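There are two complexes below, and they share chain A, which is joined by chain B in the first and by chain C in the second.
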Partner chain A sequence: MTLSSQPADDAEPLAKPIVSLKSVTKRFPGIVANDSISIDFFPGEVHVLLGENGAGKSTLVSMLSGLQQPSEGSIAVDGTEMPIASPQKALSLGIGTVFQHSMLVPSLTLIDNVNLGGSWWKTPDREAIAKRMEETALSIGVEVNPAAITSSLSLGEQQQAEIVRALMRGSRFLILDEATAMLTPKDAEKLGQLMRRLVAQGLAVIFITHKLNEAVAYGDRISVLRLGRKVGALGPDELKSLGPEAATKEIIRLMFGSNGNQAAETTRAAGSARPLVTATDPLLEILALEVDDDSVPVTGIELKIGAGEIVGIAGIDGNGQKQLSEALAGQRPVKNGRIYLDGQPIEDLPIGARRHRGLRYVTDDRLGEGTVGAFPVSINLLLKQIGEAPFWRSGIEQGGAIAENARKQVKDYDIRTPDIETPAGKLSGGNIQKLLLARELTGSARAVIFAKPTYGLDLNNIAASRRRIREAADGGKAVIVLSTELDELIELSDRIAVMSQGRIVGIVENDGDARQKIGEFMSGVAA
Partner chain B sequence: MTLLTAAFLTALLAGAITAGIPLLLAGLGEQLSEKTGVLNIGIEGMMLAGAYLGFLVAWKTDSVFLGFVGGAGGGMLVAAIMALLCVRFGLNQIVIGIALTLGAEGATAMLHYFQFAQTYPRLGAISSLPIPLLADIPVLGPALFNRPPIVYIALLLVAVFAYVYRKTYWGIALQAAGDKPAALDSSGVSVLGIRSVAVLLTGALVGLGGGFMAIVGAGIFVPFMTNGNGFIGIVLAMLARGRPLWVLGGAALFGACLSLTTALQVAGVDIPTDVIQMLPFAAVMGVLVMLGRKANLPSALGAAYVRGAR
Partner chain C sequence: MSVEVQDPSADGQAAAKNNGLASRRLLTDRLQLIGLSIGPLVAAILVASLILIAMGVNPVDYYTYIVNRGLLSPSGIEATLTRMGPLLLIAAGLIVAFRAGIWNLGGDAQFLLGASVVAALAPVLTGYMPVWLVLIVTLVIGAIIGALWSLVPALLRARQGVNEIITTMMMSFLGISFSNVLVKIFFLDPATNVPQTRTLPVEDRLPRLFDTTISSGVLIGLVAILIVHYVMAKTAFGLKLKIVGANAKAAVHAGLSVSALTIGVFAISAGFSGLSGAVAVLGQYGNVRADWNPAYTLTIVPLVFLARFNGFATIAYVFLFSVLSIGSESAARRLGVPNYFTLVTMAILLILLGITEMLDQKRRESRRT
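Presenting the complex of A and B:
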């Protein structure tokens, strides 16, 4: 892995910015999401935007892509001030965006999603588009299935398809809002190299990430946002002279201010941090589980998880993890096999009954199935307990109890929201994730399934979330963590199972050479 | 059975088509709106406006063609209000839809009263366009292939829409507008534009259906004459789940039931008409119970689109 930065040295003094933000402010009711931000974006540079959850990165992106208009300030393109009045305008200026949350139409095929925006009177040549799509995907080293219906794909696969689509549109200013959040480290590295190639051709790229190693590896220039303000920037020269390590330190200081130390600690403290737990009687037991699916049917899953044990499930996204976790949670019928929780079969129980038995599922689809965007934060925190005491009595909402619960969880989990009555959909991506964690981890959970529990979180919140997962296990719960991030699994798990094409192809103890063995299982070397 | 004579069957089939064409047009129109995410409850009103204006123009100009243009225009007029209020301004689609239907009922009744007082002038018979050879088939020929051109056009529209939905960029955009408008918007296509056009076209189709009822079906205009046909169109669109051919099937079924009432009376069979008129609704409920569980209506159906809202 090449983690050295390769900035375009001489580009800076000569080149004029493609896009400049001039004291741009964006207000939403109760919050200033962007506060008088000025940034220049140069051709030939990967410009990394960093900042904790809710810092205002996505808001900035939505103004550049024409979805939002600045409350104050202006945007200049090629030196001329002009409002980016609509997404259409943004596209015609060559600004292509991969948004943080999927912008694909679930009911259409990937081909037709590429076709959105074609001249209405024409008939699309679907075969040619499929071919072009496959070629583009190949050029960045990923695989797509153009004919697949979008909703049948995992979020990671959808994200890859969106990147491919943005490239197919021939943008000269490419914005990637957390585009690596769902990718495996290997695919993320491929995307990094692609960004380097694109800027070498003179494109400008905005790259938003929470992974600082990616930021220093692929970025030419870094701007840091905090509470809506730009609090610092590192130019190409500084990045070069500091070197990756010192640069990372400086960034953390900028991002988190005084409490940055904690985050810095946790980034270094990777590795098997907890004493390994050897399974006692299994608390959660999965026997010969089969789940039907058109694209990735899941077969022959055998897993036993004891109290206090964390089992990681590794694998490239789209290898049946979604199907497996949904079947465990009760959102998808089990075709065959058994699931025991505390010795009781639960595979035929509906979602609510499984929750009552103590099974919890933290979905990775935080907007689609995790929350109801229009409901307030307070209700979303109780979404799976609607109608239950003490929050509802005889069907009547108990405002006091609901608010108290919400205030406590908002505080405990550091959910940044203007108010507990704010609709959940208005929170930043990372804060919605915190809301989900808060909801699923409170109460009498026995077994918890986490799907990509830290995706889209900033360093502090990753550390906090992982701590909570560990605490959950230490409190005697059985824990499954599905993740595409190997580091995360190695940090958390006692054992790691590797999934490939709907099967578990191997289970390893998380000891010294787990990484090696998992790699072998994933690539099919060890079978 | 003396019932199953050629004359009876011809009358039955011809009646089914006469009754079914307005339903077909209403269903196709509603389907178009719903595809883009607009739940168009106002089509009953658009249909009535089309019936009134269609009749008025046909009567004044003595031209059936201009009558149909007037019908489509009448529907579009009401649809324009819907597009403005529900698509542009994002007001509640159900409330506005009901208001438009009630408003159109009142307005057409009132205008008709001022225009004609209590008289009901009748239009002349419509000349039909027999299709060579096909028109000579017994029973089927006179009922299906010896009709005014508008009948053929309406039937042709089924194929046109099936083609548009499956094969064109516009079809893709329509579906995207109903399923995930933000995705369409961020691809540079105006969601409000697509929806407005769809609602206006719905008005034209439904208005044409209303015009058909007045000009071809009845030959006169009577206040409230659409009598729930628009609402049946909404039901058809819901059942058809985006497929124009299913709208045709549904319209045929409903049309047949409606015409059976008349045909049986002609044949002198005495079954209360109310019972027969209930048949299509019973059929719908049957279909709903069998197939209705897996409703896959557009996810954004009924919701206004506001860019950047989340």
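Presenting the complex of A and C:
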């Protein structure tokens, strides 16, 4: 580690930092999440924080947004050291945050969520708020429906709304924790351009991402964390002189140490499509499926997926993917149509029975429904097998078997947790995702539905997870992958269906020009 | 900006120092823990004493009297333990419900209806079957009656998602009146002028423990609490209930049958309240008088919360409450302090425990920084 971590050493813009971290340390039971980190954040710069899952990025920004207090060290705002004692304090200092996991109140409309910080004695002018919201959204190239109830929106839509809200509150220092993870590449690019515009106006932005291309494209300055320490930084000059490719290489080296190159290669090498499976009897068959929903009703879904086949479902978030996958899993009633698994209709079966038939659903709402945050990792790993042997016998918990299972999964899936008894909610976002994957991929499954399977994972873990999905298919399972990331679908799928406004508007074989055809389907419907 | 010294030997020294600090910290932690549990009790009694002084009563006399009567005198401790039986059963039911995130606040009616029906049936049944069988049958009937009275709120919550706080409270008002109607009209003992049910002879009641007047109802209560504690901590069923309580969406996602579990929780919780009513009649009162309503449920609710749904802590709190309430019933007669003063002491204790908890949390938070 070099001592050049003081940005003042590089020929610096004359500006003084808006916010400085001075040897900040944050400890949690069993782990040092941040280890004496010093970073300056300058106005007019997009400062990218990089690091593998659990490196300490979210923890670092949670101290800037007033959610956590440093164990040691201090934070200076505009050159004056001061504690950021609460989120309100952070807001009043102009620090706005969009967190990795949604902070909106699910039962309220977006308008009311925006109004939450407002004066309680005034009747909110909902129309004005809605109008301002739409304008702000328009300026960053996203669409929001201010009157929508938050819980009816997909996670991606909620995240967009949060960005809009933070901007509406007039932040001069904007923290985006994995804000692009849920966006389509196009929207991510728009957000990137927006960040550029914001910093051009003199704002400071902290941008956390796992996508290195975004980091290099939009970042002015990059800091890399590893195991809670700041292991390196690239200033504006270095970034420019290195150029995107060399910079990416250097970043990977910093992030993962020696095994980084390998990870990057795995991801890239797998870019080609898998060999097409020859048609067999469909294992999972969806016929004329209709699902009711207030905002995005789903209609006319026809899909046949054979054993060993991976079908990708592409589309902008909020076009019925959630409704479709929940209906398949049994969490939502099917209005019309049929679902066959192994030739047996399952559309009237409850969730548990479908699981017993071999249907698995990896939800993308990992905190809302995927895990019980207050419960230990060991129990969350068995959430869908409660009462089953060997973990429970005659209904009695078998602590040994449960712990053994947990230790094995934690090791196999590289879930970084201080202990198997640690509450799952305390894990880093990526590690919670690994927990879900571990739970759903073990045991005997026939068909698996993955909703955004690699969202929030770092390069190494993405590679590992995609390998596991491929292995699942190779093992004779029928696999559906819903993703907003076209690259992911092209890497994994045999066929790709495009979903728009609750319908499947086209299905393409994943061959050479799949990307173009998908693009046509997407824009054709949009027009 | 401070310059960081990266010296490994300094790290080692720091670690050693940390070790020493850690053990000292452990000790102070222990002391603080004791202080945290005893402190509020002492403070509560002090505050209540001030109120007593304002009322013109000598607090030392009052509390000595209570401890003597509720704890130290043989008849007092016997009464205290006997009272614990029904209270523990109500607590057991509340623990199950709260763990599952369900607010069954209709316990009073479930208790009273169980009590009235059992009081009416038991003296009749003794003519047809042996006493032990009567006791078993009526205990079961009490539980069933309690459970039945929760059926409407249970179905509304499970099927329609109707908030059970409101429905259980409404069913409670209805049930209390209904129980009165039953006692005054249908279950009336023709042999007395007082409106009440027939009285179960002492020899037909729940057996007493050894040579004392302690009713074996307290054993039923203790067993119930311990079973609930075990089921919640160690079984798949308990875990399912806790998941429904902690994150209902996750429960649905995991394929648990949330509506069946909800109805089950209502039945168990209300069943315990009904059983409590049966135990109160069969072990203690022998009959139900019209307009009788000890309203135990809402008193037990905060105790169960303070115990954090832990069975053993619940037993301790229920014991304390029994001592205070039995003692103060005597004190009411002797010193002229109204019976309700127990509730004042308990309320002050609850508030102080709440405040200590808040301070403790603040302290832990600030220590982390």
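The definition used in the following text is that the second predicted complex is superposed on the first by the 508 of 527 C-alpha atoms of A that agree within 3 Å, B and C clash if a C-alpha of one lies under 4 Å from a C-alpha of the other, contacts with A are read in each partner's own complex, and residues count from 1 in each chain.
As a working rule, contacts are C-beta pairs under 8 Å (C-beta built on N, C-alpha and C of every residue); 3 or more make two chains touch, one makes a residue touch a chain.
This one's a predicted model, so the numbers in the text were calculated from it and none came from an experiment.
A.B. asks: Do chain B and chain C fit side by side on chain A in the superposed arrangement, or is it a clash?
C.D. replies: clash
A.B. asks: Using the touch definition from the top, say if A:373 reaches chain B (first), chain C (second), both or neither.
C.D. replies: both
A.B. asks: Which partner does A:70 contact after superposing on A: first (chain B), second (chain C), both, neither?
C.D. replies: second
A.B. asks: Which of the two partners, first being chain B and second being chain C, lies in contact with A:62: first, second, both, or neither?
C.D. replies: first
A.B. asks: After lining up the shared chain so the two structures overlap, which partner does A:105 touch, if you call chain B first and chain C second: first, second, both or neither?
C.D. replies: first
A.B. asks: Just to be sure I read the superposition right, which of the two partners does A:426 touch: chain B = first, chain C = second, or both, or neither?
C.D. replies: first
A.B. asks: For A:116, is the partner it touches chain B (first), chain C (second), both, or none of the two (neither)?
C.D. replies: The first partner, chain B, only.
A.B. asks: Is A:157 touching anything from chain B or chain C once the two structures are fitted on A? First, second, both or neither.
C.D. replies: Neither: A:157 stays clear of chain B and chain C.
A.B. asks: Given the touch rule stated above, what does A:331 touch, chain B (first), chain C (second), both, or neither?
C.D. replies: second
A.B. asks: In the superposed arrangement, does A:91 touch chain B (first), chain C (second), both or neither?
C.D. replies: First partner only.
A.B. asks: Chain C: which of 21-29, 75-83, 111-119 or 165-173 bumps into chain B?
C.D. replies: Residues of chain C that clash with chain B lie in 165-173.
A.B. asks: Could you list which residues of chain A make contact with chain B in one structure and with chain C in the other?
C.D. replies: 373
A.B. asks: In the complex of these two chains, what residues of chain B are touching chain A?
C.D. replies: 167-170, 172-173, 175-176, 179-180, 182-190, 296, 299, 307-308, 310
A.B. asks: Can you list the chain C residues touching chain A in their complex?
C.D. replies: 1-2, 4, 234-237, 239-240, 242-243, 246-247, 249-250, 252-257, 365, 368-369
A.B. asks: Hey, which residues of chain A end up touching chain C in the complex?
C.D. replies: By the definition above, chain A touches chain C via 6, 20, 22-23, 27, 36, 38, 69-71, 329-331, 350-355, 361, 363, 365, 368-375, 379, 383-384, 386-387, 392, 395-397.
A.B. asks: Quick one: in the complex, what on chain A touches chain B?
C.D. replies: That would be residues 62, 65, 67-68, 86-88, 90-92, 97, 99, 102-108, 112-113, 115-124, 373, 425-426 of chain A.
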